[in-house]
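What follows is a pair of complexes built around chain A, which joins chain B in one and chain C in the other.
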Partner chain A sequence: MPSVFHIVVCGSIVPDPLQTLEPITTPTGPALKNELMLPAVLDPWAWHALFEAANLAKNNPGSKVWLVALGPKAKLQQVMMSVAQKAPFELVVIDGPASGFTESAEVASELAAAITSIAGLDKTKLLLFGGWESASRGAGTTLPMVGERLGITDQFQGVDQISVQPDGSFEVLERIEGGKHQVSTCAGAPALLGWATGNLPEPPNNPQVGMANMRTLMPALQKAKPAKVTNTGLAYASVALPKQRRETRIVKDMPADEIAQEIVAWIRAD
Partner chain B sequence: MESILFLACVEADGSLAKAAREALSAAKNLAAGLGGAPLVVGLIGAEVQSAANALAACGAARFLGVAGAEFAPSRYTTDTAAATALAKAAGATIVVAPASSRTNRCLAGAAQRLGGRVDSHATSIAAAADGKISLTRWYYRQRMEGVLTRTARPWVVLLESGCAPAYAGVPGTTTVEAVAVELPALRTTVTGVRAPASDAQTIRPDAKLLFVAGAGWTKKQADGQVHATEAEQLILGFLASAKASLGSTKSLVDLSGEGQAVLKFMSHLNQVGQTGSTPRHPKGLATCCHGEEPHTVGWRFINERRAINLNAACSWAQGKADVLYVADAFDVMRKVNALLSSG
Partner chain C sequence: MTQDSVSESPVVDRQSMAVDIVCVGFGPATAGFLTALSKKLVNPDGTPIAESAAMPGMPPQVIAYERADDVGFGVSGVVTPARSIKAAFPGLDPAQIPMAAPVKTEKVAYLLDPVGASRRSLALRTADGVLKLFKGKHHAIELPWIPPFLAKHDGLVLSMGQFMQWVGGQVMGSGTVQVWPSMPVAGALVEDNKVVGIRLVDQGVEKNGAATGAFMPGMDIRAALTVIGDGPVGAVGQQLDRELGLPKDHHVHDWAVGMKFVIDLPESCTLEPGTVLHTFGYPEPEIFGFLYVHPGRIASLGIFVPSWFDSPVRTAYRYLQHWMLHPWIWRHIEGGTLRSWGAKTLQESGRRGEPHLVGDGFARIGEGSGSTNVLTGSGVDEAWATGTLLAEAVTELLKQGKPFTRENLESTYVARRRASWVDAEGRVAERARDGFQRGVVTGLIGMGLAGLTGGRLRAPGKPMPPHKRLPTIEAFYRGRISAEEIAKIRAECLAKGTPLHLALMDRAGWPAIPLDGKLLVSHQDALLMGGKVQAPGGYADHVVFPFPAICATCDQRTCVEVCSGQAIAHGPDGVPVFDREKCIHCGACLWNCARERPDGSGRTVLEFRAGSGGLHSAEN
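This part shows the complex of A and B:
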């Protein structure tokens, strides 16, 4: 008999990785220049978590996926237009900054409160998903703190695979040092999985899924509550781009033999 | 007055990893910078006495340990409970731990239990003359560096490897105070490690050199043909003789997923860059990588960098590498391998 999971994916938006980013100082702390103008995408590892969630829900009928996002709601709305084509989910929005400079403990508090207030969510069936790190703060600290607030003490990070057994228990592969995976088995939900890349390709656009998602997307955006993220007790002395530009020696027209000798000498030098 | 806990998980053989000894130096330095704040060592593992003995001369006021078979594996439930108990027993206001897959998994949760704050991937933590503590870390996938201070305590800090000299004091004998931990029923069992076959083991965090391969290795070459088999042999041959670690651009690992003529040993774990890793090695050689400017963060933490590309405009090189060889990587690497194997 398939297991029924209630899968909550935490994920927000980040600037498109191809954008040039420049930090600026504002009265409320550091920010990115033209932050609200930059094209945004769903945070890449949370994106993988969403595909994995959708796949797990598909293979375990009766399961359901929620995407919980704390971000500026106008920007979230734009990004959701394309995300909604990919996988069925119900959106929960908290309106606030998606900046990398926000305090992860405060973000975790907001996310945990939003998850707790989801109607019909059964915490005994809960699999809390997200990216193992964001492309903004890049800390991997938010999700564990959300998990703690929800009382989830079976947590996995850098997950590349989950294999669910018929009894609802599962095996998880987590990235560890040296290109290896640690293998664990867990008795089942509730559990937390911070995803790395996983194994699934990006699903193709599915207009039907998009239409179904739309029915809940707009109301979710409309009823988004404002987030309280104030960075209490946190101050930035500076945020700067690395200044160093290397003087690149460009070697053209050198025979391959000589290049090889130069490279080998360089590798062997201490 | 701050009170500093150096926290580490002991390796399976009872030793402390280099990254842990580096974090200890940083913790000692911080304590000294604070005018001699008390330093406590806290260790987690199956057995912690030999690791404590190795640190006997580090100047710690106390050695605390959580030991036992349950604490041998790297597991959230047990590690978080142990770290929380150690921080409480030490009365720590600042916890300094080495970043690893194990500590990264558990310490944010411990900070939450302690009612504190956490910073991961720190590259430094130090006190200024006025006693103000600053921490440095990168934002937006290593694209900008921030310096921050916090008033909240306890403050849990995960220090990246390679950011402080490794502690190398004389071993001795020390007494470890055992700290009791109450564990819930365990629902997770660590069953093992899955590693690629040894000939496919291409990621070596301790290697002196990172070899980065780009999608160019799988592109049509001057003769109009793709030479994936030779590319594979050249790369594997080089990794073996130079004992290098293998990084890849996103394009190249994505090609593997799409079933094109590719390098079979490549996986997402090799990917460096914005949505990959940013490994630390003394030297790096990028071959056939073009990439857009933001993605070359893959070698942000490589000290000496060289690149080989047919195209002089290669963005992995201009302004980012010390040397760019405008040349055919197949030709050059064939000869590099021959030189390396001739000794």
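This part shows the complex of A and C:
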């Protein structure tokens, strides 16, 4: 008999990874140069968490997915038009910065408060999903703090797979060193899963899913509450870019061994 | 028009959805349409002006589908009079729109050839000989006066990417219309000579369109009105042109590819935001250039390469670099840094390329509807205005409860369009460029005559399809490079897999580009640093060669040479190969194909279909 989960995915926007980013200092703290002009995407870690959540909900009828996003709502609105075609979810928006220069604790408090206020959310069925390194400049600190504030003690990070058993327990594969996974079994919800990339392909764009999501997207954006997070108190010191030497070639179907040998030779020659 | 017009795939459970109005493409025309319509769909008392037929009890359901991955990935840095945009947003403060600036200074300059490699006619060489006496140290003659028809004062310098992001936020924030990116439209659904909606592209397919295990047939979106604003090379516009033909004496023979950089200007640059520079004469006489300065020491700059520049190796990228290095331009940008790069096809036939604007169930707006003014070089303002006009017509029909028939759309939309400034100015412009068919000097004189006489005078010329006027490479270089040497260079390039145009330009005397890794970068690096192309998996190739036997015998292969992203390359058996991961969807290959298919349709043997992905930059 399938289990019923209430899956909350924490995920917000980041600048398109294809853009070149330049940190700057502003009167309100550190920021990215031309941040509002940059194209944005849903944080790739959160993307995967959302796909996994949608898949889990699909395979466990009665389950439901919420996407809780802390970000500038104008940009969120734009990005949601792409995201909303991928998977059914209900959006919860907190209007605030998503520059990567916010404190994990402050962000976690806002996310936890927003999750707590979701009407109809049953915390006994809660699976808290998110990107394992999201909203923390890669430190992996934010999502665990959200879990702590919600009283979730079963936490898994670097998750690539979840397999739900008939009794409602589930097996979790977490990444560890050496390209291996640690296999754990959790008795059931509530639990926190910080996702790595998972195993699922990106779902196709489905206009009907988009239309269904649209019913909650705009109201969620309109009633977004301002976040109580600031960049003040932080100072941007410096950033050092790796020494770049661009030698571009486009080569198709080159064996991995040859690529590796070429890179090693290049490093040794430097 | 038949149902066969939309390609059939191995269909399993093709889904269908009904809305009231579906729009194809989200460019300036659709943005104008949705901006105006979103303000009119609801009465002042909050009630809808009409009930949705697709979803009874709801207001009219209006949806737009855009191919690119975001609403702000359009390609064009523009200077526009912005009359229609300002009318849509009364009291518009350009500071609200990133990278927007009021036009402050305009200059037009004729660029002389400082390197001696430009291919200039005897008349031009003679004129150059005189002009060189006045060239100054920057090898250019600034026009003392800008003809009124070319002036853009009171206008705006815009980044189309940033502008479209801003507009997208406005229209979606209204809550009355929806814009869905990342969703290419394969074609129009046609039943009993009526357009009844659109079909989205299939997903979960191989490059050749074959279904995979993740196959998801493109959904049918059925609508009472289909608004086609998919630009000059859009799949739906192409389909309707094929099936309906064009009105008598209309044609789309004139094209151009615009290629541009967005750059950080160097600290030393003194150009102010709102500066507009236009050039002609170099690197080839047929190539026009532009530089627009945005706030924040950012500039958009680039060139237009027209279809009547009869070089079968008319690459835009190398020419763009030579244009940038011209002393009149280089003095402003030396030390700058590339931020973004892109290219776009422009429909240059203007009003004479106007298709059937309406039919049962459809209306066409924007550049693909022939709105561009080819005399003033203005397209965004006109495209936006056509969308606004259609919105007024649609509102009228909705309020009256009338269906979107050809007759009703003609009496509302087409009538408004015929009475508009877009049409009046388009008529003045429609033959203004004919003289370019005979040469650059004749063309410039013709433009001047047309502009100064309201179109009453012009230089004659008969536009021809690009593939019918394109000479062979040997003919183009006759007198400069022998046929034997061209054959040798061609063989060497084929063996090395390198572009022929680079070798020929080297041989023709163009100096090597002094790459600096910041502003002057290789074409491939521009693709990586500035274009940031994405090609999501699961979609079919949108550039296909359905007549490989003809391609194999083509010795021009202009498609390879002009490809803005180097996405088309020589294939092993002589048939070009396409790499979707490099394609920026400029569409230049469509009108640069040099061979006609044997079915008498007049079409060439390269197909440019609906496809996903493309540039990932919102600054263009």
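The definition used in the following text is that the second predicted complex is superposed on the first by the 228 of 270 C-alpha atoms of A that agree within 3 Å, B and C clash if a C-alpha of one lies under 4 Å from a C-alpha of the other, contacts with A are read in each partner's own complex, and residues count from 1 in each chain.
The definition used in the following text is that a contact is a pair of C-beta atoms (placed from the backbone, for glycine too) under 8 Å apart; a residue touches a chain by one contact, two chains touch by 3 or more.
Because the structure is predicted, anything quoted here is derived from the model rather than measured.
Novice: Let me test your reading of the model: by the given contact rule, A:Asn205 touches which partner, first (chain B), second (chain C), both or neither?
Specialist: second
Novice: Where does A:Leu234 make contact in the superposed view: on chain B (first), on chain C (second), on both, or on neither?
Specialist: Only chain B is touched by A:Leu234; chain C is not.
Novice: So, A:Arg137: does it touch chain B (first), chain C (second), both, or neither?
Specialist: first
Novice: After the superposition on A, what does A:Asn59 contact: first (chain B), second (chain C), both or neither?
Specialist: Neither partner.
Novice: First (chain B), second (chain C), both or neither: which does A:Ile250 touch?
Specialist: After superposition on chain A, A:Ile250 lies in contact with both partners, chain B and chain C.
Novice: In the overlaid three-chain picture, which partner chain does A:Glu103 touch, first (chain B) or second (chain C), both, or neither?
Specialist: first
Novice: Could you look at A:Gln19 and tell me whether it touches chain B, chain C, both or neither (first, second, both, neither)?
Specialist: So A:Gln19 meets both chain B and chain C here.
Novice: Of the two partners chain B and chain C, which one touches more residues belonging to chain A?
Specialist: B
Novice: Which of the two partners, first being chain B and second being chain C, lies in contact with A:Gln77: first, second, both, or neither?
Specialist: Once the two structures are laid over each other on A, A:Gln77 reaches chain C alone.
Novice: So, A:Ser117: does it touch chain B (first), chain C (second), both, or neither?
Specialist: A:Ser117: touches no partner chain.
Novice: Once the two structures are fitted together, what part of chain A is touched by chain B and by chain C alike?
Specialist: Correct list for chain A: 18-20, 201, 246, 248-250.
Novice: Can you check the complex and tell me which residues of chain B touch chain A?
Specialist: Touch residues, chain B against chain A: 74-77, 80, 100-102, 104-106, 108-109, 111-113, 117-121, 134, 138-152, 184, 187-196, 201-205, 208-209, 242, 257, 267-271, 274-275, 283, 285, 292-295, 300, 304-306, 308, 312, 317-328, 331-336, 338-340.
Novice: Show me the residue ranges of chain C that touch chain A in the complex, using the header's touch definition.
Specialist: Those residues of chain C that touch chain A are 15, 17, 63, 65, 69-73, 98-99, 162, 165, 168-169, 172-173, 175, 178-183, 200, 203-204, 214, 216, 219, 221, 296, 339, 517, 522, 524-525, 528-529, 532, 534, 536-538, 582, 616-619.
Novice: Report the residues of chain A in contact with chain C in the complex, numbered from low to high.
Specialist: 16, 18-20, 34, 36-39, 74, 77-79, 81-82, 85, 201-202, 204-208, 210-211, 214, 218, 222, 246, 248-250
Novice: Residues of chain A touching chain B in their complex?
Specialist: Listed in rising order, the residues are 14-15, 17-21, 23, 30, 32, 44-45, 100-101, 103-105, 108, 135-145, 147-149, 153-158, 160, 171, 173-188, 196-197, 201, 232-242, 245-254, 256-257, 259-261, 263-264, 266-267.
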